[in-house]
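Shared between the two complexes below is chain A, which pairs with chain B and chain C, respectively.
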Partner chain A sequence: MTWSWQGDGTVVLVAMLAGCACALVGSFLVLRRMSLMGDAISHAVLPGLVVAFLVTHSRGIGAMLVGAVVVGILTALLTQVIARYGKVEEGAAMGVVFTILFAIGLVLIRQATDHVDLDPSCVLYGNIAHIYADAFHGTPVALKNLAIVFALNLFFVTAFYKELKVSAFDPALSSTLGINANLMHYALMILVALTAVVSFEAVGSILVIAMLIVPPVTAYLLTDRLGVLLFLSVVFAAASALLSQLAVIAFPVWFNTPVQPDTSAMMTVFAGFFLMVAIVVAPTRGLASKAWQHLALRAQIRREDILGVLYRFRENLGDAAAAMPTADLRRIFGHGLLTRYALQSLRRRRLTSTTDGNGLILTEKGLNRAERLIRSHRLWESYVAQYSDLPLDHLHEPAERVEHFIGPRLETALREEVADPQADPHGRSIPSGQPEKND
Partner chain B sequence: MRGPAMLLVLPALVAVAVTAAAALGGDEFRRVLSLADYNTRIVVLGTTLLGAAAGLIGTFTYLRKRAMVSDALAHATLPGIAAAFLLVGQKEIVPLLIGGAIAGTLGVLCVMGLRRIPRIHEDAAIGIVLSVFFGVGLILKSAATQLSMGDQAGLDRFIYGTTAGLIRQDAWLIGLTAALILISVVLLFKEFRLLCFDAAYAHSLGRRVRLLDLLMMALVVITTVVGLQAVGLILVIALLIIPAAAARFWTDDLATMTWLSVEFGAASGFVGALISGSYANLPAGAVIVICAGVLFFFSMAFAPARGIVFAWWRRFALRRRIGRQHVLRALAEHEEAHGSERPLPFASLHQMRSWRRIELRDHIQRARAADELTIDPNDNIRLTPTGRVRAHRLLRNHRLWELYLIRYADVAPTHVDRDADLIEHVLPAAITVELERVLAEKRGAIPASPHPLGDVP
Partner chain C sequence: MNLLPKQRRLPEAADQHHDPRAPISIHDMTVAYHRRPVLWDIDFAAEEGRLIGIVGPNGAGKSTLIKACLDLIPKASGSIRIYGQPYKKQRQLVGYVPQRESIDWEFPINALDVVTMGTYGKIAWCLPPRKKHRAAAYEALEKVGMAEYAHRQISRLSGGQQQRVFLARALVQDAQLYLMDEPFAGVDAATESAIIALLKDLKARGRTVLVVHHDLQTVKSYFDDVILLNMRIVASGPTATTFTEENLRTTYGGKLTLLVEAAEAIARGGKEGV
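Entry: the complex of A and B
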């Protein structure tokens, strides 16, 4: 299959508009920790739609919207009532409400089958293939409706940006500022219901739920700013729409099957994929960056431990020029990659230098650094010995751990606290010298 | 009504209702209700057992605040079912269920994993898993359809459920599931209870909290997978949440709640299946859920323990009692100032507090009925000896508390009246004695007011 602007282009546009409209309002659902309200509303509008059909005997969008908005508000309201007056946990209250409404919808549909042609699976999956076909006979209605809803959401978000922001992050503050958080809540719920209904026919309720939640969460992992969050979540939604249509076209070719997956289902998969990537590579919060920070910290600790060992070696022999054989160091720290890397980077940083007997000595700079570490270690031991009743042989362990994290200010404070800043509780001398700034 | 007796009410009601309906309804009706058809028997048995099983395990997920996780889990089964379908074809039900169970478990694990990532909260984790898994499921499902491996109805059955199509094998499967859950819950009741009410404490006792959590969710997965073809995806979620939420209104005791939840689930399944069997065009799954919904809203309104109506009534009764006691105290203070000969006119009493006239009339009426005061035709009110005793007790509580606040809490004398006003009604006798002791007041005497009393004209 090849790309056709009229067919595929329209489908992508429809999917993009639906996805972006959902992502805009969904961002606030996610921030308010009410993502599941999107899930609940998009299931619960079913009876609203059926009643609208039964009353008007048509599939006109106007009646459908009214039905959906009414049931959407009802869902939010009932959930609140059950949670507040019945003291039911909010999630469970939502579950009670939307399943019951959905069941009522199913019963109504079965009763109405004689009057209207309505397939519940249409609500669930949508029918994006029809849009492809319709695109060759003028602009599809769904496209126009989605464009309107997208514009409406965009307007709402920009016009009430400040109000939405405050009420999302701090409902109490928003009340004191005179912004009615409850009103914003219901306005948001109405928009969710509207967006859901207009999107259903094109892309199905599952995509609506996915787009309400997944792109905003992805964006939330990447940024701390609300404006950027909104922008990114719209970008992710649009990108999943485009990529999914391309994938749909490419799928039969790549896998050599007659199977052509559904665009909207594919879109949820791409949104999920973006989320997974964000979870891994997000700056500072991502798994990769966490792992990297962890590794860097471990390497630094290993380097410092090696410096400490070199210092003590020197100290024990009482010989400033004594070189410690590298093999001995390896015996202490193991032969792992981390040790090898630490030894290398110590040399690179000119903290240690190699003698010709394959031994290691501290350079001037290295000695300085080692002294700082030993100072931290022994000051901490003195401090703990002075203020807690730990026996002498229990002092080394905790000091070994804490020595890496004592900065200049803490060091000064410790020095002022301990009785004898010259020697540690084991009788070893604490290296003198002023704490220096971290480099 | 306590414990076991409470548990007998619902089955009895259902039995009476069914008998009555059978007696009043027509022949067709009677045939369904008397379970004469083999088919009806299978369906009713299946849905009843499913309701019971879901109600049983649902109790614990509800209390563990994991109700909506079952939403994610139910949606997450679809890719497993569709994948199994692609691999083995539609005829075999067991591989499909296994596929569904595997995918469902994976979904639960994903929810638990996503929740640990900063900025992804429980609700978002659930939404992500349910939509993305379901999307994958839809792709696999359409693949199965397009590869013409059989009609789509084979898989749609799991999304919408076909209760009427339950066969003997399905009923057996549901029965086995129910038995499995029952055994697990009986064996692990103590552990589950700990997990639900204090997971941190359970952990400190050395219980494997994560393992228990997983086990609980595995039982939910099994119930969901088995329930899918009976009532469909959304409605099985309902059975896992609603009976438990309804049972919670009736009791604070876990064992009682568990049994009630089982009963609610079973009754919904039983009655729902019968109703949908008796009328054409009623999808059984939906009717079952609506039955559960009726039970829920009834419980929320009328359950004595936590229902709304009783809570309102209790609050209303308390307000009335407090109001009557305020009347008594006002009369006692009046007597204190002006002697017991001078009655207090209604108009003056009305001005002493911001109570509405009709409210005050009600308080006076009830106090008179309790022989605490008399009111003459000129609307003058006097305490009776009974009323005087009670009023003095209140006044003593009030004053003691005021003195206590002034002496030990450093509250200014001008500010103690309101606080004492709230507490005078609920101060137990033991505390009054204790107050008299610490304040070194005379036993049973009424201390003088530490602040000027608003003089009544």
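Entry: the complex of A and C
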């Protein structure tokens, strides 16, 4: 298979327009924590669509709009009625309403097939192959309709940007400012319904739901600016469309099969792939960044533990110049990568230095840091001993964990709480010195 | 679904119950959720330039009172006037600080954006906020000591800082009357004193502030007037004479069983024993 601008180009354009139209309105659904509403509406509009066909015998965008809006409003009303009188939460009520309406739509389609050309299976994954064929006989209707809907959504989101933002963020404030949050809500729902109906025919309901939610969620992970979020979600939707058609063309070659996968299914797969990548690489919220932070913390704790051991070593010997053999340190902390890295970075930070006999001593800076740690440790032990009846040998281990997390503010508070901050419960002296503002 | 048949009163007739000089006056208001009344017969008029605390136990209807004043929930009966006019005509004069928990703090927005929203009421539909609006927002952030956090995403602010952002947003609205829902909830001592300084400043500039408040210890030092609320107004007036032990006992003492029973009967839709 090779790329044909007329065929493949049109299919990509249709998929892009559908994806971007969905991503624009879907972003606000995600931000309002109403993603399920997109799912519900895009299913529930089916009977409206079919009834509109049956009445007008046409696929005109006007009839579709009316059908979609009527059923969209019906969905919202029925959901409220069922939630209140059926004594279930709103999510369950929505689930009841949209599945039943969707089923009614499927039943009606069977009746409608006598009158208009409609296929129930198209509902799920659209009829993009049809568009490919149509493209060679003038501009397909689906392309025109989707262009209109995309333009409409783009206009809505840019013109009412400020109103959408405040009514999604703080509906109560929005209403007191004279920007009716309910009005914005229903306007958004009507556009979701319209977008769903028009995209339906071309790309199917699965893709509509995916494009309403997946690109916005991906963008949400990557930015904390609303404008950037909208832009990125459109970019992800468009990229999924383009890549999916390329993959559809390449698929038979790569897997040596005559079968081509469905474009809209492939598009959803790509959108999901982008989401997975975002979950891993997202700044601060992503898995990679979390793992890195965790690793950095472990390295810091290991460094501090080594400093603590060096401090206690010279304290026990009563000799400030005593160097601890590196071999002894390795016996305590093992030969792992983490220890090796920690020892290296201690040297690099000039907290320790190596003596001739392959021993390790604390530099002045290192001593300072070690004292702070030991101070935290022993203050904590004193604090716990003061308020509990724990035996003395139970104090050390919890303090060993806590010591790494006590900052200057907590240290001052501890010192105020502990009656005699000269010695810890074991009788060892608590290093003097003031807590300093550091890292 | 109204609780009671609407009183057929002419608008002019309603106005005679309201003092046009009062920043807010509430006449005989009843509010119901799903037919169950939660506020009964509220009658109150604020005096200009006062800090007014609204105090009462959980479920007394404190937030409901504020929301009803702002037309955020419908009234079953009664009327409200802001400087003698219905709220719809006076939106610009009223600033609102919602409860901190009512907001999704993960929203992709920074502190400056949130404060700028306070100016949206003054900007025509579809127009973006301009430079002067952003400048006003920044100034308000400075006033609450939050200028350095202007570009920080709001979930990365502490509870006290978030509350200050909300207050800055109210300041930028430049209203005559402020309604605040628990601005002191869950804030640190520094923020608490910052908020109080701000309220005093608003008062000095002739603004009127109604504050839903939880901490009974501080009522006397913070507020000029107080409303003791428990489904109805138990007492209201100057703090010195109203915030008495006896009134507090009535407010918190749970002697309201009749009101609760009546409300439940209405919610059930039948008489006793049905």
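Everything below uses one rule, namely that the second predicted complex is superposed on the first by the 426 of 439 C-alpha atoms of A that agree within 3 Å, B and C clash if a C-alpha of one lies under 4 Å from a C-alpha of the other, contacts with A are read in each partner's own complex, and residues count from 1 in each chain.
Everything below uses one rule, namely that contacts are C-beta pairs under 8 Å (C-beta built on N, C-alpha and C of every residue); 3 or more make two chains touch, one makes a residue touch a chain.
Treat the numbers as computed from the prediction; the structure is a model and nothing was measured.
Q: Evaluate whether chain B and chain C can sit on chain A together after superposition, giving fit or clash.
A: clash
Q: Should A:S35 be classified as contacting the first partner (chain B), the second (chain C), both, or neither?
A: First partner only, chain B.
Q: Of the partners chain B and chain C, which touch A:D170 in the superposed model: first, second, both, neither?
A: Second partner only.
Q: Where does A:L229 make contact in the superposed view: on chain B (first), on chain C (second), on both, or on neither?
A: second
Q: Given the touch rule stated above, what does A:G178 touch, chain B (first), chain C (second), both, or neither?
A: A:G178 sits against chain C, while chain B stays out of touch.
Q: First (chain B), second (chain C), both or neither: which does A:F274 touch?
A: Neither partner.
Q: Looking at A:Y220, would you say it contacts chain B, chain C, both, or neither? Reply first, second, both or neither.
A: both
Q: Specify the partner with more touching residues on chain A, choosing between chain B and chain C.
A: Higher number of touched chain A residues: B.
Q: According to the stated criteria, A:A159 is in contact with first (chain B), second (chain C), both, or neither; which is it?
A: Only chain C; A:A159 stays clear of chain B.
Q: Pick out the stretch of chain B that clashes with chain C after the overlay, from 59-67, 167-175 or 419-427.
A: Stretch flagged for C-alpha clashes with chain C: 419-427.
Q: Can you list the residues of chain A that meet both chain B and chain C?
A: Dual-contact residues (chain A): 33, 220.
Q: Which residues of chain A touch chain C in the complex?
A: It is residues 31, 33, 84, 159-163, 165-166, 168-170, 172-179, 220, 223-226, 228-229 of chain A that touch chain C.
Q: Going by the contact rule set out above, which residues of chain A touch chain B in the complex?
A: 30, 33-36, 38-39, 43, 82, 85-89, 91-96, 99-100, 102-104, 106-107, 110-111, 113, 120-121, 124-125, 206-207, 209-210, 212-214, 217, 220-221, 257-262, 264-269, 271-272, 275, 279, 285
Q: So in the complex, the part of chain B that touches chain A is made up of which residues?
A: Residue positions touching the partner: 62, 65, 67-68, 70-71, 117-124, 126-128, 130-132, 134-136, 138-139, 142-143, 146-147, 156, 159-160, 234-235, 237-238, 241-242, 245, 248-249, 281-283, 285-287, 289-290, 292-293, 296, 300, 306, 308.
Q: Using the touch rule from the top, collect the residues of chain C that touch chain A in their complex.
A: The touching residues are 34, 67, 70-72, 91, 94, 96, 98, 102-104, 107-110, 113-114, 117, 120-121, 123, 125-129, 153, 169.
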